[in-house]
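Some structures to go through are shown next.
In what comes next, subunit A is part of two complexes: it sits with subunit B in the first one and with subunit C in the second one.
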Partner chain A sequence: MSILERISNLDRRIIFLTVAIAVIVPLFLPLRLPIEVTPPVQQLYDVIDSMPARSVVLISIDYDPSGAPELQPATLSIMRHCFAKDLRVLVLGLWAPGVPLGVSALEEVAVGEFGKEYGVDFVNFGYKPGGAVTLVNLGRDVHDVCRQDHNGTPVDSLSMMDDVRAANDIGLVISMSMGIPGSDQWIWYYHARYRGNLATAQTAIGAPKYYQYLQSGQLVGLIGGMKGAAEYERLVGRRGLATVGMDSQSISHLLIIGFVLLGNIIYWLEKRKK
Partner chain B sequence: MRLQVPLAIILIMGLFTIVTSFIPARPIADLNQTFRNWYIGIITFFIFLGTINLVRVNGEKIKTKASDWQYSIILITALAVMLIAGFYKGRASTDEESVFMYLYFNVQFPLEATMYSLLAFFVTSASFRAFRARNKEALCLLLAAVVIMLGRVPVGTAIWKGFPEVTEWIMSYPNAAAKRGIRLGIDLGLISMALRMILGIERSYMQ
Partner chain C sequence: MLMTSGPWVWIAGLLTLAIYSFLYKDNPFYKVAEYIFVGLSAGYWAVFLWWNYAYPNLFVPLGEGNYWNIIPIVLGFMMFTQLSKRTSWLVRFPLTFVLGVSLGLQVIAAVEGDMVPQLQGTFSPFAKGALFNTYNFWTSIGLIVLLVGVLSTLTYFFFSREHKGVLGVTSKIGVYFLMVAFGASFGYTIMARISLLFGRLHFLLSDWMHILR
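Take a look at the complex of A and B:
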């Protein structure tokens, strides 16, 4: 067997091992490369930054633990920005398995870091089934869809909700999404009817689909994958897990490019030989 | 009757839903709202139905000792444990306060995140074996992929400051154009399929 054939038939366990090394080593030996902020992330930051104090931001947790490594850092950073600007935050989720992630994020940021008061500065409505239909109803009458919060407290007893009744009372909706129901439904069924500001945070694999909506103005911002989350962490001035993960992502991307180039060099050499 | 009744329901409800988009006034809007509430109720019931079905299918696998039946025991046990834990302080805020949150953050979270992360390993292996510049189009795709991969990480910016800008251009124009075209095609297909169902031409959903 020639060297070319040997490389071409490389045991995939060796490839897996190199990926593992590329991901793990930078976590212990960080490169701390500077993170450049891209326009879609900057746009979202600017929208939140320009909102008047006490405006309402609705964060929809439309992901589960599998997407959390990419999306949870973005959720935390957005919440930090909102509470630092004294905005009110409304949380709900179209994915049942994502509810504890929203609870945990509010506990960490709203209560732990900013000492915000539940029912006055933030409210969590937990899981809302029904996808698109729920969003249509939500824009029409928030109190009708969310009659109780995540803990079973009636919505009318939460002072924050006194002036939050319909879509036009919500300054910005951010769908943290990794699938269906998620950002698609927010764009097609909620934004198409009620307009207003809508943004999304996506896993890296889902982000390219949303550039068309960003370009058309249906989205006011887009956070794509862990890189987008790291950019937002830079903007809010707090290094989090996304920034830490950037070195691993840098090295693993270089590794994948290396393997693709190696595969193509072998392909061309074999083709020439034949 | 078994054929006519479902066809009549879908015809009436389909036409009604289209009409409500153009007449948002009472009493049609109120009736539409009632139907939407029914839909949410039905969808919620599906969660219960799905759970029952999951138990039934896996229970059958255990009973007949079908292949990999041992995994079904793990599935049903995990389902039962999370269900019981959820009823007891399932809405607590931290994993110190409830068994449910403890299991969620220390078992479910790492398991799901690990499964999703496996993608990186398979993508690398598949790219090495299959991503070949066999023609001009494939070469274009390969070059775009390399630029985007470098533009999406800080090391790319360290190599050349222009990578993020080129990446944003690719995403905002060629990518958005292609995605928009695909989206329009899908939506036209959806509209035609919806019309076929409303008019009773497409009946495969009844089988």
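Take a look at the complex of A and C:
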């Protein structure tokens, strides 16, 4: 068997192994490659940075644990930025399995790092079923959709919610999204009716689609995948899991580019040989 | 200290390895993990749908005197009529209701949320007639490329005439734009998959094995 044939019949498990090595090695030997902040991420940072103190930011946890490696670092960084600017944070989720992730992020950042008070500085309404219908009603009457918080406390007994009644009381909505229902529903059913500032953080698979909404002005910012989260971590000045993962990303991307080139060269040589 | 995590982290770690073992070849560990996942998911969603959808949104308001909720409850139970041939015609009523509501929502979403703002975003810089005055040079070039991309890609999907001459050249340009879009999506997909792998490996090495700090 010629070298060409051996390479073209390479056991795919060798490729899996090399990708795993490319991801693991930088965890032990970090390269600390530079992370450049792209305009869509900077735009979101600037919007939050320019909001007056005590404004309300709604963070919608529209992902489950499989999206956590990409979206949880972004959620944590955005919350850090909001609380550092003394903004009030309202959390809800269109994905039920995302609720514990939202709770954990609030416990880590709001309570653990900033000592914020529940009901005054932040509120968690947990999972909100209904997708599109819920969002249409949410913009009209927040108290009607969110009658109780995640722990069953009536909304009227949460002082933060006294002046948060409808869409125009919310300064910014950020959908941390990995599918449906998620950013699409926020754009189509919420933003289309109530306008206001809307941004999204997406898993990398979903991100390309949302650049069009950024260009049309429907979104004020976009965080794409772990790379976008790493950019936001850089902006808030705190290295997190996304920044740690960027070396692994870069090395494995180089490896995959190498595989793609090799595959094409072999394809071309085999075609020429025939 | 190595490998001193709690039982749930151990279960998560072992199940992760069981799932990844499929990459070597199909094996009983993978099958066990797969069946556990399927069974747990089914149970989780059944309980979840009851406590998060049906009970708080239908039955609690009904108990508080909101008798309008009888209508969705009846429509919901009518979905089960398709289980019998004799009563299956009744399923048309709830399906018609769902279709009607979905259609109404989707039409508004497509027009208000997608079509109009996207057309505005694409054409308004040109309609204002101030492309290079309002935007900087590279943004203006980007907007021109965007317009060419939209028009040529739309041309590619115009099937009422044979793609010859100007139509052929334009649709060919549209194909190149589509290729670039597919390439970008493919690149982002790789990034997403590597992120997932990173997330799992980081969990195994830090939370479970405590090798990473």
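Just so it is clear, the second predicted complex is superposed on the first by the 274 of 274 C-alpha atoms of A that agree within 3 Å, B and C clash if a C-alpha of one lies under 4 Å from a C-alpha of the other, contacts with A are read in each partner's own complex, and residues count from 1 in each chain.
Here is the rule we use: contacts are C-beta pairs under 8 Å (C-beta built on N, C-alpha and C of every residue); 3 or more make two chains touch, one makes a residue touch a chain.
As the structure is a prediction and not an experimental result, all values here were calculated from the model.
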Mind checking the superposed model to see whether subunit B and subunit C fit together on subunit A or clash?
-> clash
First (subunit B), second (subunit C), both or neither: which does A:L235 touch?
-> neither
Should A:V164 be classified as contacting the first partner (subunit B), the second (subunit C), both, or neither?
-> neither
After superposition on the shared chain, which partner residues are touched by A:S252: those of subunit B (first), subunit C (second), both, or neither?
-> both
Who contacts more of subunit A, subunit B or subunit C?
-> B
Can A:V91 be said to touch subunit B (first), subunit C (second), both, or neither?
-> neither
Check the residue A:H150 against both partner chains and state whether it touches subunit B (first), subunit C (second), both, or neither.
-> first
After lining up the shared chain so the two structures overlap, which partner does A:V103 touch, if you call subunit B first and subunit C second: first, second, both or neither?
-> first
Of the two partner chains, subunit B (first) and subunit C (second), which one does A:L198 touch, if any: first, second, both, or neither?
-> neither
Subunit B versus subunit C as contact partner of A:I78, first or second or both or neither | neither
Counting only touches as set out at the top, which of subunit B and subunit C does A:L33 meet: first, second, both, neither?
-> first
Of the listed subunit C stretches (38-46, 128-136 or 164-172), the one clashing with subunit B is 38-46
Subunit A contact set shared between subunit B and subunit C covers 16, 19-20, 23, 66, 68-69, 96, 129-130, 133, 136, 204-205, 207-208, 212, 215, 224-225, 227, 249, 252-253, 256
The residues of subunit C that touch subunit A in their complex are 23-24, 48, 52-53, 57, 105, 108-110, 112-114, 117-118, 120-122, 146, 181, 184-185, 188-192, 194-202, 205, 212
Within the complex, which stretch of subunit A touches subunit B?
-> 10, 12, 15-16, 18-20, 23, 31, 33-36, 38-40, 64-69, 96-97, 100, 103-104, 106-107, 111, 126, 129-131, 133-134, 136-137, 140, 150-152, 204-205, 207-209, 211-212, 214-215, 224-225, 227, 246-247, 249-257, 259-260, 262-264, 267
Footprint of subunit A on subunit B - complex, ascending = 33, 36-37, 39-40, 43-44, 47, 91, 93-94, 101, 104-105, 108-113, 115-117, 119-121, 123-125, 127-129, 131-134, 142, 145-146, 149-150, 152-158, 164, 168, 171-172, 175-176, 179-180, 183
Residues of subunit A defined as touching subunit C within the complex = 13, 16, 19-20, 23-24, 27-28, 66, 68-70, 96, 127, 129-130, 132-133, 136, 187-189, 191-193, 203-205, 207-208, 212-213, 215-218, 224-227, 241, 244-245, 248-249, 252-253, 256
